[in-house]
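First the structure, then my questions, so here it is.
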Amino acid sequence: MKTVGVVTSGGDAPGMNAAIRAVVRVAYAKGFRVLGFERGWEGLISNCFRLLNPRSVGGIIQTGGTMLLTSRCPEFKTLEGIRKAAENLAANKVDGLVVIGGDGSFRGALELSRETDALIVGVPATIDNDVYGTEETIGFDTAVNTAVAEIDKIRDTAISHERIFVVEVMGRKRGFLALAVGLTVGAEMILVPEVPVSMEEVYKTVKENAAKGKRSGIIVAAEGAGDTRKIAREIEQNTGAEVRLSIVGYAQRGGSPTARSRLLASLLACEAVNLLAQDIGKRVVGLQKGEITNIDLETSCKNVKPLNFEMLKLAKVLAT
Amino acid sequence: MKTVGVVTSGGDAPGMNAAIRAVVRVAYAKGFRVLGFERGWEGLISNCFRLLNPRSVGGIIQTGGTMLLTSRCPEFKTLEGIRKAAENLAANKVDGLVVIGGDGSFRGALELSRETDALIVGVPATIDNDVYGTEETIGFDTAVNTAVAEIDKIRDTAISHERIFVVEVMGRKRGFLALAVGLTVGAEMILVPEVPVSMEEVYKTVKENAAKGKRSGIIVAAEGAGDTRKIAREIEQNTGAEVRLSIVGYAQRGGSPTARSRLLASLLACEAVNLLAQDIGKRVVGLQKGEITNIDLETSCKNVKPLNFEMLKLAKVLAT
Amino acid sequence: MKTVGVVTSGGDAPGMNAAIRAVVRVAYAKGFRVLGFERGWEGLISNCFRLLNPRSVGGIIQTGGTMLLTSRCPEFKTLEGIRKAAENLAANKVDGLVVIGGDGSFRGALELSRETDALIVGVPATIDNDVYGTEETIGFDTAVNTAVAEIDKIRDTAISHERIFVVEVMGRKRGFLALAVGLTVGAEMILVPEVPVSMEEVYKTVKENAAKGKRSGIIVAAEGAGDTRKIAREIEQNTGAEVRLSIVGYAQRGGSPTARSRLLASLLACEAVNLLAQDIGKRVVGLQKGEITNIDLETSCKNVKPLNFEMLKLAKVLAT
Amino acid sequence: MKTVGVVTSGGDAPGMNAAIRAVVRVAYAKGFRVLGFERGWEGLISNCFRLLNPRSVGGIIQTGGTMLLTSRCPEFKTLEGIRKAAENLAANKVDGLVVIGGDGSFRGALELSRETDALIVGVPATIDNDVYGTEETIGFDTAVNTAVAEIDKIRDTAISHERIFVVEVMGRKRGFLALAVGLTVGAEMILVPEVPVSMEEVYKTVKENAAKGKRSGIIVAAEGAGDTRKIAREIEQNTGAEVRLSIVGYAQRGGSPTARSRLLASLLACEAVNLLAQDIGKRVVGLQKGEITNIDLETSCKNVKPLNFEMLKLAKVLAT
């Protein structure tokens, strides 16, 4: 018999619970024992876990957050912390560990894989969608829909008051969320960290739209695209338009996962357990060309997922 | 035959369209003509309006914002502006004017009523719920539910990360929204402008909860309760808890109105037209003791609606 | 010290959990012990309960259903069953019992009150809103909004296909839900059990609307208003319109309670415990003239809550 | 200059408006003229259309239904009808026609392509997801989420009453919707038309679950999987469980499209116009291996899209 560990790490994402559920039930169907480590790496270091069986993960597929809790764990950035985790894996006879999280968690997993015999497989779950090796991460579709639903509401006020709204969505380093949200709310402009913002172009577009009779508008900006407070103020000063800022907050990270986030979580978690069942580790599972597959853990950690610039161009055409 | 004008003024609120629809259709059933003035007081000053019939208000009961648009209008704060509006009412033979808006709009309506023969009736619509003479304003129920839905999502992250979230909701001067939201999300604390915040008490509660094993929590704060950024930082510094701030933005002002906001809009607008049909003006319609009624416009303007402090106490008991 | 029992009975309604939470926490603040009986009357008969403290009811204010479970219990319709329940109340030294449910449950409570010394207070929770003594029951606002959201979607298809939709909502005997839903979706017609359906009038309205260019439409019908399948077919046959039937199902009974259902649950449950604390029983708490109050249990059971026919008339005017 | 026609046909699907918007704006960016034919094939036969420019499609990306209306059109099943449509295309100098609809509409398009010189490209939009040549159709993701949200609510009642719910979702011939919904609500069983239902197996599963302590459950059944009323009754009679039926109705076909349905609509419509710009017709655009591509129209019409039976098996494992 095998023992599989499962842990959620880093920022929570909707669908993490669906992934835990699938890990447990697929593993159980194969006759494995499952240990759920709590509070991310912290639980591995402090050996805090509980045995999970199919009943322990009932009624969670539709819930946000993570039943195993999560945390940022500075101790895991030290070799000492990693070794303590490795010892606990050995002490509990964990043959394979499923790490559900984002790229930061996978870098931790890579370090850990060098100190342990346990096989490690990463399941990408983050609303940022910035993991190399998968077209989509668990939670991304939910976060996009949450932000879209909120901006659909903001547009009511934008139209009624004939105002421009700068709406900031999450994404400190990457613009995946801003791009998907901007395109699907029909934003007049989308500002992402990957493309330097030309304020002159922003002013020009706002003025051209006003000339066309489009006196209201939505500008979706990723957190990392610049100081949105400043951007909003400068647009107002340079275009004569009335401009407001609205920040879509932590709600993007929570809430009941969409069907797609639940499905992706189920499929990716299943693939992760299948790899472990075949004694394969150091992999990250993912969606590539529409199919569930997996890539090398180190390759995932060391590469940067490219943004789809064609889509950014299309968004511009569609906003005419 | 009578001519009724209708205008939406000040900040938009979900249900304004349902109110416009009811004004038009009830007036039409009585054989009145209806003029819809655009962009709030601006439309009265610039004589910008359109004739509205039952078909013009089809398909809007479920929409946020206001089809008549709205604005803040500085010119209306001058006697000259008000007189221009009065002249236009006379020129268009408007016998009665329905003003859909908040207390600021009603103060404008009171000024206008002194310069015109047209009868004026106010229909309270604002997410702030701060109009004297009505237990509830159009849009309030929707805004509460929007904020509640968002905070329900934030709680997923609060629990998963064992964090305290300070969540700021709208309300620069009054705490009606914060109180209703805080009580119905089960917030650990509610901060309103009407009650000075004792930071010592906040720290104490956070620490007591932690001691009880409640390591996550939601503190709902009205905009006007203080600098939420500072509040969040100070809680973190003084309690050892991990604290985050999330601001519920302009989405609170938009979105499809709830059934209750639609119903209230329909009933209040109907009452407003009924008053005009009886040649009664200078009134504000409202919900009092659960029934549709109306009070003097000046009385509404000159009084301050009290907050329900009993409910604030109950919220505390329920958060134990 | 006092011991308070709490039970949810009959059909579940969103907000029952918020009510349980408030019963427990308000009782606890008064120093009472709380027993939660499971599966409705069944739990009283079989003496199946658990001790509830403030922590046991954490994280449930936003959940649908009832954590205490519920059931229809035929045994409780016999004197033997009722006496067994009374014995268990005595054996557990229950001084007061809070019954959360609808009018059927209150009739049971009335029977029980004749066999026990425990004081009994009813808290009205049913999506049907048919309890005499309260303007609104817990769960009603949620059910209305669920049905409204669904019908808002159906209208997209109605308009795109230029069809009439007959939409059946819950309400075997009473039309409260159908009326509130119909008025707030802007239904072209509302069919309730309290008013015999004149099919001739239905045909006439459909034809008149078509003549006005309104080729799509929504007819909201309570379950008890007639055989909706037959109604839909007959409208099609007698008007030439394309007609479809859509039944809003059990989703009306579940889901996260709206802010209003949560608030009403909190306030009514608080009132119930306050009555018990004053040694008052045989009451049903309720909302009357917008205020929390209570009436005699027997009076509530023996009277029929009237439908607001004025509102039905207004709905007609608004649908022009 | 080129003239492009666009038509929505067959059952409406959420995202059709987003597709119309993208057709118009992408075509306009290329300097094309766009004619929107109304009410599906009916508009082609009766030559009923309107000129569309970027402003005509503003504010529709987030709306359900189709602004061009749609219908089932028996006349188009006759050669005479098809030829009338072809004549109108010629009379209006339509070089290319974008047909937004499902497989029935594409069979019509194929017939039409034999009688006209206009190039025809199909854009798959149907909640059934049953078009060969695309992994996903416009509207499918929205319908899945609508049904999932509804079933999440039904589960509250299922759990509170310890009942089995048979929930019928759309899908007369195919089980794509039922499978996706069933897997993502964590249904205990999924019944699809592609797999004969073994009632004995259903009874066995219900009984085994009860033995495991799982007394509530959800069985998702496609319309075409059998008579759900009968299925529900038989399960009750043969297992002793309390069973209810709930039918998810026409709401599945409407509502604001999800981000994914909007995105897919935008990308597929863009591809369709790009094909026409290259003088390519008789194609159906689609998503294959996660990428936007296109296949031969006749191939799409003559082949049957396979259901993913692996996913059906996984659903079973996950429901343990």
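We just call them A, B, C and D in the order they show up, numbering each chain from 1.
Assume contacts are C-beta pairs under 8 Å (C-beta built on N, C-alpha and C of every residue); 3 or more make two chains touch, one makes a residue touch a chain.
Note that the coordinates shown come from a computational prediction; the quantities given were computed from them, not determined experimentally.
Hey, what chains does subunit A share as contacts with subunit B?
Looking at subunit B and subunit A together, no chain touches each of them.
When the centre of a chain is set as the mean of its C-alpha atoms, what distance in Å lies between subunit B and subunit D?
40
Centroid from C-alpha atoms only, then distance subunit C to subunit D, rounded to Å. What do you get?
35
Hey, how far is the Cα centre of subunit B from the one of subunit C, in Å?
28
Can you list the subunit D residues in contact with two or more other chains?
Only 152, 155, 159 qualify.
So, with touch as defined above, which chain pairs make the list?
A-B, A-D, B-C, C-D
Where on subunit C does subunit B make contact in their complex?
21-22, 25-26, 28-29, 54-55, 58-59, 61-62, 135, 141, 144-145, 148, 152, 155, 159, 180-181, 183-186, 212-214, 256, 258-260, 262-263, 266-267, 270, 287-291, 314, 317-318, 320
Using the touch rule from the top, collect the residues of subunit A that touch subunit B in their complex.
Residues in contact with subunit B: 8, 12, 14, 16, 39, 63-66, 69-71, 146, 150-157, 159-162, 165, 167, 244, 246-251, 253-255.
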